[in-house]
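The structures considered in this document are given below.
Both of the next two complexes hold chain A, though its partner changes from chain B to chain C.
Right after this comes the complex of A and B.
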């Protein structure tokens, strides 16, 4: 298992109920698996569009997440 | 002289000089949305001497806008936002040109409107319009200064700038999922709209003066929590392709078909499109159409560049068979005005 810090913004923060949460995840988890995990834990996440960043870098679904990585989920804001 | 006095404080800035000021004066920007973001961006770009600003907004001023859309006055409730904002800017700086467009940016008018400006500032409150702006700007190779707000926080980035990431690179579209609600539904703090709008104004000035470091990463500011976050992203070819495909499907549906040209119509056609390119499928260089001697130099379609897409194309071959399928190919590639010579060169020579 590995410990990951997850940051959330805008609507994703409102769904998680906190700006940051610490997650216990299996080793060598990829981004798509993280999404599936999060959407199971927080089902309203599956209704909105958001991107995932690892250490501030936007990543695709097959990227691996390592212990100590800072993971962020970011939705597009609509307001103007 | 009056101009020098008006811009005196910025002309004193290191790097900023008369040359820079002139560059700004010769630039044009289209601001889409004159709401909270636009109300902050617009006066600062016009005051700094940006030569030509277009403002698109179909909406009318309501009392609940005044909490953040500080260009507008109580007495202006009910007036169109683009028109009122344009008047505000014109009073602020009579030396610049401001053009209001009191209607919505749509799939029908976006290509034409955007083609008239150097940079687009995305100050809308609608995610579908943000994708539309992205797709048009990708196909026209123009930078977007993007900004958006949500309650106590905001995000901004310069998109599609010198090979940098686009809106779709940061936020690939996922049509199955609902998009974020806007200020009407979620609430927003007026000063946050102001902050993001001012970041956008600053990015516009950086792009146009070519001074400073343009911010092509996505910045999320959370002034309420005293936090800032940045996300870096590389340009994603697949997302760029999606934007381009959407643009070629969208642009001028009536023109997006191969048009047949009869041999006898050729002379009239050539005077209608004096700068048309002739693509001869039998090989050789692509040339502009030559009115005095309608000849068909052979050409290689690979020599056509994306920037030629707004020009008319005449596709010819010996018998008008290969050129027919080639014409479809150019439509797919995003060319709008594609003509196909029926019967080919053979028939033209016979007549």
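Right after this comes the complex of A and C.
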């Protein structure tokens, strides 16, 4: 198992009910598996078009998450 | 050496005075022949019969500053620019007020026009800034960029 700190902002923060949560997840988890896990825990997440960032970079679903990574779930961007 | 990552965020609206001062500061730079400026302004959209009073901006600050840094570097690489300034509001901005200020300067107009469009489009699609559209009765909805 590995411990992951997950950051949330705006609408994802509202859905999680916290700005950050700590998760115990299996080793070698990929982003798509994290998404599936989160959408089961927090069903409202599946209703929005959120993206995942690892260490402040947007990533694809096949990317592996490693212990110590900063993981963030980002709601749709609305800058400008 | 990697250049220092700047902070793009300004608390609340970007004031016209700030923009005017920014223009004034460039009058000593005599290689510049063209400036181009983009200002994003909060619209009082009507959504399901309610009018937007303000947008409350939040952001993943560290990532946003990092992404803008990369956009800045890419723009300097792509276009022949003398300088570039990017500011975004954080917190509440009332409808009619300015929330984004992008300012590019170059020797000639074409570079300035092209660079500005590139930078603004990149900001809109890549920078993790989030907006809560607050209505007159203080209820809200989350904004999504088109």
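Simple rule for what comes next: the second predicted complex is superposed on the first by the 76 of 80 C-alpha atoms of A that agree within 3 Å, B and C clash if a C-alpha of one lies under 4 Å from a C-alpha of the other, contacts with A are read in each partner's own complex, and residues count from 1 in each chain.
Following the convention adopted for this analysis, a residue touches a chain if its C-beta (ideal position, glycine included) is under 8 Å from a C-beta of that chain, and two chains touch if they have at least 3 such contacts.
Since we're looking at a predicted model, the values are computed, not measured.
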Discussion item. Once chain A of both complexes is superposed, is A:62 in touch with chain B (first), chain C (second), both, or neither?
Written reply: neither
Worksheet item: Which holds for A:22: it touches chain B only (first), chain C only (second), both, or neither?
Response: neither
Worksheet item: Between chain B (first) and chain C (second), which does A:47 come into contact with in this model arrangement: first, second, both, or neither?
Response: first
Practice prompt. Once the structures are superposed on A, label A:7 by its partner contacts, choosing first (chain B), second (chain C), both or neither.
Written response: both
Item to complete: Touching chain B in one complex and chain C in the other: list those residues of chain A.
Response: 7, 9-11, 48-49, 53, 56-58, 72, 74-80
Discussion item. Per the contact definition, I'd like the list of chain A residues that touch chain B in the complex.
Written reply: 7, 9-11, 19, 46-49, 51, 53, 56-58, 72, 74-80
Discussion item. For the complex, give me every residue of chain B touching chain A.
Written reply: 33, 35-38, 122-127, 130, 147-151, 153-155, 165, 169-174, 177-183, 186, 188, 193, 218, 220, 222, 225, 229-234
Response to the item:
Within the complex, chain A is touched by chain C residues 40, 55, 57-60, 62-64, 66-67, 88, 99-100, 120, 123-132, 142-145
Worksheet, complete the sentence: Residue set of chain A touching chain C in the complex reads 7, 9-11, 48-49, 53, 56-58, 72, 74-80
